Structure formats: structure tokens, C-alpha cells
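You will see subunit A twice below: alongside subunit B first, and alongside subunit C after that.
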Partner chain A sequence: MLRTVGKRLGVALLSILGVAVLTFFITQLLPGDPARIAAGQYATEDQVAQIRERYGLDDPVPAQFAHYLGDLAHLDLGSSVRNDQPVREEITSRFSATLELGLTALLIAVVLGVGLGVAAAIYRDRLVDRLVQVYVVLATATAVFWIALVAITTLVNDLGVFNSPTGRLPRGYSPPGDITGFYVVDALLHGDLGTAGAALRSLLLPALLLGGLASASVVKIVRSATIKALESDYARTSRSFGYSRTSILFRDGLRNSLLPVITNVGLVAGFVLAGGDVIVEQLFAWPGIGGYAYASLANNDLYALRGYVIVIGVVYVLINTALEFLYSWADPRVNLAEAR
Partner chain B sequence: MKNKSRVLGATLAAGVLLVAAACGNGSSGGGGGGGPADEVVVAYSQTVDSLDPHQFKSDAGYGVVGNIYGTLLQEKYDASKDGILDYSGQSAPYLAESATWNAAKTVLTFVLKDGLKFGNGDPVTSEDVVWSLQRALSDVGYVQAIGQWLNITDAKTQIVATDDRTVELRVTHYSPLIEQLLAFQIFAILDKSAVEAAAGADDPWGAKFLATDATPTGPYVVESQIAGKSVTLKKNPDFTAADIGDAPARVVVQSMPDAQQAFLALQNGAVDLVYGITPDIAQAVQKDDKLHLYDLKYSTIAYVGFNNNDPALKDVKVRQALSYLMPYDALRSDVMNGFAGAAYGAVPYPMQDSLDETGDKVAYPTDVAKAEQLLAEAGHENLSLTLSVPASDTTLSEDAVFIQSALKKGGVNVKINKMSDADYNANLGKMQMYLDTWYSWGQDSVYQMFFLLTTGTFTNYTNFSNAEVDDLVKRAMATTDTAERHELSQQAQQIIIDQAPWAFLYTQDYLVGARKGVEGITHSNDANLRFEQLRVTK
Partner chain C sequence: MTTPLLSVRGLSIGTDAGVELVRDLDLEVGPGEVVGIVGESGSGKTMTALSLLGLLPSGVAVTGGEASLDGVRFLDGPRMLRRPNASMIFQNPTAALNPTARIGAQIDRLLRFLDRSAGRGSDRRARRSRAVELLRSVGISNPENVLGRFPHQLSGGMNQRVMIAMAISLRPSLLIADEPTTGLDVTVQAQILQLIRTTVAEHGIGVLFVSHDMGVIAQMCQRVAVMLHGDLREFAGVDDVFHRPRDPYTRELLAAAGDVRPAEGVTDGARAR
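Moving on to the complex of A and B:
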């Protein structure tokens, strides 16, 4: 078993190295001069040249690459060209916000996706199924910024259900003492129900939007996998033995449809942490790494951008590695030790 | 039994969260209740990226720095009119008790107010002032380029402390700009010993330290920061340079990257003020009874730059023809929704010494026939050009589409090249035609022409070169006679209009959306808010 875990972690490390190498060369191709942006409109060519020299931007590409890998080996992501601050610290200070939003959205996506998928499978070709299909089409085709605008206008401004999109807490509240980095959890741990509630009301709307949009693919997979499982020979056998409908659904249907769902959760996690997250963070003024990445891209802040991609890459690889282990738990037929 | 425990646990957890959510309904913006009258939340589209007065930064960064640092002089404002404080055109002592010129107007002597302190309680001394001004004029940041307008050629010998409270600026010659510039945050007074303690051999001016930490001498100090979200300021308890008794106790500078969401937050009271809104949002603010739009007139010019090194565009007739094809009225009314003025040349109204004293004149009114005639005379009837625009600027991107359509009427094909900010900035000076805006702090005509249109200046992105303009600007910079400076400036302006290095599109108003009850918006020379002037009623 240890050998298998070692092998999987080795593959994960190689994947992360691949991400790091690709990131370097892709960011090299981006047009624009980060030094010019950082220096500002009044800066002379000499001052811009000084910035290039300070950040090694005028070194030959192989030298920059070697320097980059060397720093990375020491977990040093360099300094932002915009404000000279260490990228690792900049990302660390924002990461818990992204993780809180991403994990909540992921939870919503899975719960919503499994719930609706199962409902659609049970009531196949009936009204419930049709409504779920409409939901899937809308969630797949709707632009995040449009639905966010509608949601904020109605649910925040008209009905006052959620807080205004001004970040993790509304005005008048201070962040709770840092324990986990998740405001809701930290406030609860401190026994501060008011702050926990305020944080929850700020978190829920962006998480619902992100999770709701991401749930579409989960719904589709759960629906088809559950239908397949419920039509299988073993489900028919269970029925003939007189097992209840609920028992057949949970024991035969859901358990056997879990494998494709687990595969899909990896993709959904990628979407909520790195794809939709960047847009949602912008829309809700959420102080996470998505907004940081957006600003870094606009300013061609190479080190910040590379840092973001590497961190997201690492998270993505770790999630997928964890899911591989989850496979073998969910389906004993999958034996990681034998996998080549 | 096991299942029952799970259900019970889940129900309990859900219950706690529901109670918490209900508890969190108190002072949220969702209810639209507004905040306490002594706290103001100001939204900017960007985050505060640096607290260093000498580094280039976002508008939010300038907003914070301008309020946590004091300067020797400050802008003087007229009494509030409709919630706006207009710049009076004069500077007044701030951290300085007095500012006196000698008879020859070559030495400006500042005496510091007694009892001034930094945020950490240390006294502000003349040594700090000298060091701060020397840092501004050093190569640590971009201010060096502006510093030359103080008429100081050697900061080490021309900025001198004569005693603990007295500093002399020994300038080569007088200029009316000197006092104006010294009121800007770029000449903030910093704590020399605190910064030097944090500086290193590779960072002698403490740039890393000042990017995130402040040594405040202004009316506010940083209370807390949330990376990527907000900076909260509170009144500086050690600030004695002016009476800030009625100023808001706390100011939260909030990042709201999306303009629509910022407007919605303003509507429901989550923020009190949105600084720098787009014309579309400004219209929406105007239509809302609970909100107020502050429309501040500035000389921020939007223009199309013609690269004077381009084979076609180096012909003045082509540049004039293109200027005659521009849809000035449509840009002002349809893109800017009327929140714009006419731009007569590179020094538009209300800039000092502008040839246009009312803001109504247009140098090249739209005239397709005249444009076609000029193009025929130049032998460029079928011209194809590329117009570059920064994609992040939605207003300029809209301008580009209108311009493309208008130029087509004169037989000129325009390809629009939308670029990332980084790409756009890296290519300034090389692009064939580009759309840009510019605002010169101080609104000085000579300063504006020097930076944008004199030969070889690094910000002359059109590569325009005219010996007469160079000479007139140089003489205007050298003279101490205000009337002569005015005359020289206007001569240069007229040549620039005739030479049409740019198409002078319009001037942009600065638009501030506020909830009703927020007043004290400073119509300042550097286009920044003075938070201590804000007044908020519930």
C-alpha cells in the first residue's frame, strides 16, 4: 500500500513540475512589458530598465528558467512586479477566502447535483425530470455575470435576503480571529453568532451561484448513472426480493453511480477554484486569489501570475490524487496497487 | 440509532447556521440602512496596491496615501457649494506653519508647525522633511520626473534644514507650479528614521517597507487591511496640523472591481460613495432619488494620438483630415452621455492658460467634405489605419467603434486593435494610432505640453517634434513672469492645434456617485478626495 501511495505521489509531483514548466513558457509568450506597467507613465526608460534588471526580466530565457526552477524548489514564487511584495505571501493571505468560497460552492454543487440527478432518474420522463433538464440547460448556458446581476438586484437589493457584494463581511463587521481562515467557522468557534451569520449571508450568494452553475454537469452524470444502475440486473433482483424502493435507490442506485460522480467532482472542483471563481470573485469583490490573478493578468505581472497558476495546479493535482484513492474505497474492483 | 444521531447532528448544525444567519442581519448593507454617520465607505474599482507616495499606483492607492500623509502645503478650497469643495487656485500651509519666498524668489523657507508627530508618536523634524523631499526626487520612483518642476537640480545641496523646524528650498528660479506641486501627496513627509530602520543595502530608500507600511503625518492612519478587499482608516490621534474634529471617524476604502455591483452596493447602502464611475452608471445614479451624482469638470483629455513617424500620418494634411472626420458630438453625447466637454487643443478648458475660456470650442469640427479634400491633396484617398485601444477601458473601446464608423465616411478604413494594458503600455510610442486619456495634476498648460508634445520626452507617445513648440515651452518653463508664461503657452497651443498631432476628442468629467447625505467632495487639483472634508448624515 505504501508503495502505491508513494507511486501516486510521485506522479502528482511530476504533474506539478509539468504545470510549473508549462506556466513559465506560456507566461513568457504573453505580450506586454510588466516593468513599464509597474513604473508608471512618468517613468523614464532608465527607471523601466532598472525594474527589468531588478526582477531579472532582461536575462536570457534559459537563465530566467533556471532561476525560476531554483526559486520554486525553495517554495519561493518571486515578488510581484506591481508592489514588490512576495507572491507566496500575497497568495497565502488571499487563499483562505478562495478556499472558503470554493469548498462551499463545491458542496452546493455536489448536494444539488446528486439531489436533482437522483430525482430526475426516479421520475424519469415525468415533469420533475423535465424541470431538472431545463435547470441543466439554464445552468450550462447562463453567463455568470448576468445571473449575478439579476440575483443581487432581487435577492440583495429588493428582498434583502443576502448581503451586498462587498466581500466576506458587510460594513460594520470585523474579521473573526484567525483559526481556520474560514470566517463562518472561525466566528462560530469564537462563539460570535452575529459575525458568523453575517459571513454566511455574504458567502451564500456567490457560493450558490458558483455551485449552482457547476452542478449542471453533476446532475447529468448522476441522472444517467442512476438510471443505468436502477435498470441493472442486481437492482431487478433486489426488487424481486422485495427490498423497498428507498433501499434499492441508496444501496444499488446511488452507490453504483458514485464512481463517475467522483470523477466529475474533480472537474467541478477545478471549475469552482480556478474557472468560475475568477469571475465570481470579481463580481462579488471577494478578496481571494481569483481577483489577484485577474489583476496580475491585466498587468502582465509574471511572477504573480505564475504563482497563481502553480498554486491552482497543485490544488488540482492534489484533489485528483485524493480522488484516485477515493475510487478504490468506493469501488473495490478498482485496485490501485495493480494499476500501472 | 447511528443514522438517527447523524440526522440529529446535521439538523443541529443547520439550526446553528440558520440562527447565525438571522443574527447576521444586523448592520448589513442588505437591509439598506446605511452606516453610522461617522463612518464612510468609499468604493474604488481597484485594490490599494501600494502605500508608497513615490510609486505609481492605483486610484485607490492614491486615495489612501493622500489621506495618511501630510504635506508642507495643502490645496485651499472654497466654501462648500452643493456638496462640492472647489479648489481655490491657491495653496495654504499645512504641516508648515509658514512658507515664505525671499525677495529674489529663489529661496522658499518653510517653518514646521510646533508639536507635529508621526503616527508612532515621534516628532516630525526638518531632517525628515529634507529626507522625504530628497527621496521623492531620487530614482526610487516616478516622482523624479515631476520633481524637476520644483527647479531643483541637486536635491542634496538645494534642500537644506537650517534648524529643527526650518527647511529651505533653494530653487534655480521661481515658478508658480512649485507651491502647487508641494501640496501633492507625492511630496509627503515621511519618517526618516523609521524607514531607514527597515531599509537595506539593496533597498536604501525602504521601498519594500513603504509599499505596505506607513509613517503617517496626515489626518488618518491605517487601522486595518484585508488583502485584496479593503483598507480601513481611522482618525490620526496625533494629528495637530488642522482641525479635523468634524471629519468622519473611520473611512473604509473598499475595492469593488465590477461597476454594476458597485452601483447596486451604493443603492442598498453597503457603500456611501463610488469614486470614478462610468457614464452609464452615472446616468443610473441620476435616476435614483436616493443617490446623488457629483459631476466634476476636469481637463482630462481623451484623444487619438497619431504616430508622427508613420509614413502616412507624418503628413499634417492627413492628421488634419482625420481630425475633421472625428464624431465629436456623438462621442460626447452617446459614449460619455453628456458628461464631457469640448477639447480645444492639447490644453483644454478648464486648464490654466487654455485658449478656450468657456469649454465650447472645437479645433476641427466634423466636416467630411473638408477631410476628403485634405486627403486628396495629400494623395491618401484610400487610407487603412490601425487604432489601438486598451481593452480594459470600456469608454475608450466604445469611442473606437464610433471613430471607426465615422472615418469610414471619409474613405478611411480603421482596424481596431484591442490590447491588454500591459501590451498597450509597452507599445506606447510605436502604435500607428491610439486612443488614450491624460490628466496632469495641477492642470498646468506648460507642464502638459512639455510631457506630451515636446521633442524626445519619454511620454511624447506620438513622436511629435516641432522646434517652435519646444522653444516656446522651454521659455515658458524658464520665465518667472506669469503674463509672459501665459503668452508663450498660448502660442505653443495654437501651433499644436494647427499641427494636429492628436485628434482632440473631448474632456472627461470625473464622476462620483454618492448616497444622499454625503457631502464634502473635493474638486481637487489632483482629482483625489480629502476624506477629512467628507460630511455624512444618516
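Moving on to the complex of A and C:
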């Protein structure tokens, strides 16, 4: 078992190295000159050349690459050309915000997805199923930014259910002491119910939007997997013994339909962390790394952008490695030791 | 003739789209008797077997007829009046067991269900030793080991033994066997057939044995129903069917199967042992 774990972690490490290499070359191809942006609109050619030299931007590509890998080995992501701040610190300080939003959204996506998917499977081809199908189509076809704006106008401005989109806490609250980095959890740990409630009302709307949209793919997979499991030979065996519908649903249906869900969660995590998150953070002034990435891209901030891509890549690899272990636990037929 | 164990009258099965799969079928199984249903794919033999336990796939339903077991009617047209005291073993035993549960957990689930249905207390350790006993009774020599395995780690023959053990633990008066040895090695097939024969003889269980294999039918059954395209073509003792087939389709089946006839005049009792 220990050998298997070591092997998988080795593979994960290789994947991360792959991410690092790819990131370097893709960001090399980006148009625009980071040095010119950094120097500002009125800089002279000399000043731009100076900056270029300071950041090593006019070194030959192999030299830049070696330099980049060396820094990376020391977990040094370089400095932002925008404000000269170390990229690692900027990302670290924003990371917990992204993680709080992303994990909450992921949780919502899975709970909503499994619940609706199973309901649709049980009431297959009946009203409940039809309604769920409509939900899936809408969630798949809706653009994040549009539904977010609609939600902000109605739920925030008109009805006041959620806080204004002003980041993790509304005006007048200060962040709770840092324990986990998740405001809601930290406030609860400090016994500060007022702040916890306020943080929750700020968190919930963006998380619901992200999670709701991401749940569509989970619903589809759970529905078809549950239907397949309930029509399987082993579910038929259970019916031949006279087991109750509930017993068959949970022990034959749901238990076996969770396998493809685990695979899918990796994809959903990718969407939540790297796709939808960037847009939602913009709209809700959420101080996470998505907003940082957006600003970096808009400003040709080479090092900041690289840092962001690498961090997301590493998180993605880690999530998928964890899912692989979860999968081999959930499905005894999958043997990680044999998998290559 | 004594009252039959299973009596099926005018059974018809059709799809929601109106396609008839089985038409007006009459069938009976005597107490302790093994009755075969033979026919090619699509003849309706498996649907007939499934319908008796209410296991028809979605989109297929009983459209008419009735069935009774031990003189008690349990199927009246599309309505299942009660659960008949019957259990079933299937083709492809590995798929018939839950892929994500150990054999021990699956047997335990069944034993606990049976205890609860009977309204008696249930103790995990007692169930465990019953499970071991059950597996021993179907010729599994290392039951503890098998209990800890998943279905995919066992052979098809071993899984079918497990299925037979579970089916028997319901103490049924009728066992429905749907192609129980199709897809197994020939030697394993012979062992499983032998196991079914001895087990049902020991408990006095009647068997409805579905197969496309005339040779297997000849070995196992006392009476045979020949089906084609949802119709019953012939229902008679094996000797008659194999040596004096009345229906032209039966003759075709026999010709296609080669010489699988049981020696004429061998008594049913001798074959059933």
C-alpha cells in the first residue's frame, strides 16, 4: 500500500513538473511586452531596456527557462512587474479566499448534483425528471456573468437576501482572526456569530451561482449512472430477494453511481477553481486569485500570470490525485497498484 | 396427477409498444420436479421466468393470465398479488452480484433481511457462521476466504455457487434458474448442474429451468416446454420430447443439437439424482 501511495505521489510530482514546463512556454508565446507595461506609458526606451534587463527578459530563452526552473525549485515565483511584489506572497494571501469560495461551490455542486440526479433517476420520465432536465439545460446554457448580474439585481438590490457584492465581508466588519483562512469557519471558531452570518451571506450567493452552474454535469452523470445501476443485474438480484426499494436505491443504486461522480468531480473542480471563479470573483469583488489572474493578464504581468497558472495546476493535480485514492476505495475493481 | 407446485395459465407478456413477447402460455411444475423451458433467443423463455418474480425490465409487463404457487394465486394479469415463495438464479452470476460489496456483506444483507422479515432477532456473529455454513453447503471448501472477496475476484462458477447458496437461504418451494450455466466452462457447468440437482433434491424444491441448450435440458429435466417466438410449441416429458417430438420445431431443435438424447426409459428419478 505504501509503495502504491509513493508511486501515485511520484506521478503527481511528474504532472506538476509538466505543468511548470508547459506554463513557461505558453506564457512565452503571449503577445505584448511586460517591460513596457511595467515602465509605464511615458517611459523612455532606455528605461524600458533597463527593466527588461532587471527581469532577465532579454536573456536567451533557454537561459530564462533554466532561471525559471531554478527559482521554482526554491518555490520562488518571481515578482510582479506591475507592483514589484513577490508573486508567491500575493497569491498566498489571496488563496484562502479562492479556496473558501471554490470548495463551497464544489460542495454545493456535488450535493445538488447527486440529489437532483437521484431524484430524476427515481422519477424517470415523469414530471420531476422533466423539471430536472430543464434545470440541466438552463444551467449548462447560462453564462455565469449574466446570471450573476441578474442575481445581484434581484436577490441583493431588490430583495436584500444576500449582501452586496463587496467581497468576503460587508462594510463595517473586520476579518476574524486567521485560523483556517475561511472567514465563516474562523468567525465561528472565535464564537463571533455576527461576523460568521455576515460572511456567510457574502459567500453564499457567488458559491450558489458557481456551484449551481457546475452541478449540471453532476446531475447528468448521477442520473444516468443511477438508472444504469437500478437496471443492472445485481439490482435485479436484490429485487428477486424482495429487498425494499430504499435499500436497493442506496445500496445498489447510489453506491454504484458514485463511481463516475468521483471522476467527474475533478472536472467540476477545474471549472470551479479556474474557469467560473475568475469571472465570479470579478463580479463580487472577491479578493481571490481569480481576480489577481485577470488583472495580471490584462497587464501582461508575465510572472504573476505564470505563478497563477502553476498554482492552479498544482491544486488541480493534487485534487485529482486525492480523487484517484478515493476512487480506488469506492470501487474495489480499480487497483491502483496495477494502474500505470 | 397431484396438484402442481407452480401452475401458470394463459400467461401473456408484452412491451409498452404493444409487441407480444409471450402468448397465452400454460405451464406447470410438480412438487420437487424439474421442468425445462427451451427455445432460441427471443423465444420468450427468459421473460416468462422473470415475470413470475415481478422482475420484468421496464417497458415490459404481464398483459394477461395468472399463476399460482402451492395453490395460492400470486400473479393476476399485470398485478403481483403477493411475493411467491420462489427464488431465482441468473445467467452471468458475476454481474448478478453487487460489484462494490464483498460476498460476505451481500450474504449478510440477505440474512439480516430474512431475519427482519421473519420478525426475529439477528446477531452479526450468528449470521457470519450461517453464511459460512451456507457456502459450505454449496461445495465451497474455503468459505471464510470467499466471504472476504469481491465478485470480480471469483470465478463465474464460484459466484454461481454463491448465488445458489443465497437463493436456497430463502427456503423457496420453487427455484427459477435462467440459463445458470451459460458462459461457464464445460467442467464447471457440469459441477453447477450437479449442485443444482442435489440441492433441490435435498430440499424438495421444484425447479423451472430455462436454457437454450438441449443437452443440459436432457440431463436436468423431467418435463420440457418448447417455446418459439412467444408460443408454447410442445410441453411433455423429456422422453417424449427427445424421442417422439410432435412439433416440427422441436425436431429442428433436436437436429441442430446433435445427439443429446437421454437413453430412453431411464426413469426420471434416476436422472434427478
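Rule of thumb we're sticking to: the second predicted complex is superposed on the first by the 340 of 340 C-alpha atoms of A that agree within 3 Å, B and C clash if a C-alpha of one lies under 4 Å from a C-alpha of the other, contacts with A are read in each partner's own complex, and residues count from 1 in each chain.
In this section, a residue touches a chain if its C-beta (ideal position, glycine included) is under 8 Å from a C-beta of that chain, and two chains touch if they have at least 3 such contacts.
Keep in mind that what you see is a predicted model, and the values were worked out from it rather than measured.
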| request: Consider subunit A as the common anchor and indicate whether subunit B and subunit C clash or fit when overlaid. | output: fit
| message | Under the stated touch criterion, which partner chain does A:256 make contact with: subunit B (first), subunit C (second), both, or neither? | response | second
| Now for A:217: first (subunit B), second (subunit C), both, or neither, which partner does it touch? | neither
| said: If we overlay the two complexes on their shared chain A, which of subunit B and subunit C does A:193 touch? Say first, second, both or neither. | reply: first
| task | Identify the partner contact of A:234: answer first if only subunit B is touched, second if only subunit C is, both if each is, neither if none is. | result | second
| said: With both complexes overlaid on chain A, does A:287 touch subunit B (first), subunit C (second), both or neither? | reply: first
| What angle, rounded to a multiple of 10°, is defined by the Cα centres of subunit B, subunit A and subunit C, with the middle one as vertex? | 160
| task | Determine, for the superposed model, which of the two partners subunit B and subunit C contacts more residues of subunit A. | result | B
| said: Please give the least Cα distance, whole angstrom, that subunit B and subunit C reach in the superposed model. | reply: 16
| remark: Overlap of subunit B and subunit C contacts on subunit A, residues none
| Of all residues in subunit C, those that touch subunit A in their complex | 53-55, 57-58, 83, 87-88, 90, 92, 95-102, 109-110, 113, 117, 150, 152, 163, 166, 170
| query | Along subunit B, where are the residues that touch subunit A in the complex? | reply | 16-17, 19-32, 35-36, 39, 41, 43, 46-47, 49-50, 55-57, 139, 141-146, 207-208, 211-212, 224, 226-230, 252, 254-258, 260-261, 264-265, 267-271, 392, 419-426, 451, 458-459
| query | Contact residues on subunit A for subunit B in the complex? | reply | 30-34, 36-47, 50, 82-85, 90, 93-94, 97, 145, 148-149, 152-153, 156-157, 160-168, 170-175, 184, 187-188, 193-202, 204, 282-285, 287-288, 291-292, 294-295, 297-300
| Complex interface listing, subunit A residues touching subunit C | 231-234, 236-243, 247, 251-252, 255-256, 259, 330-333
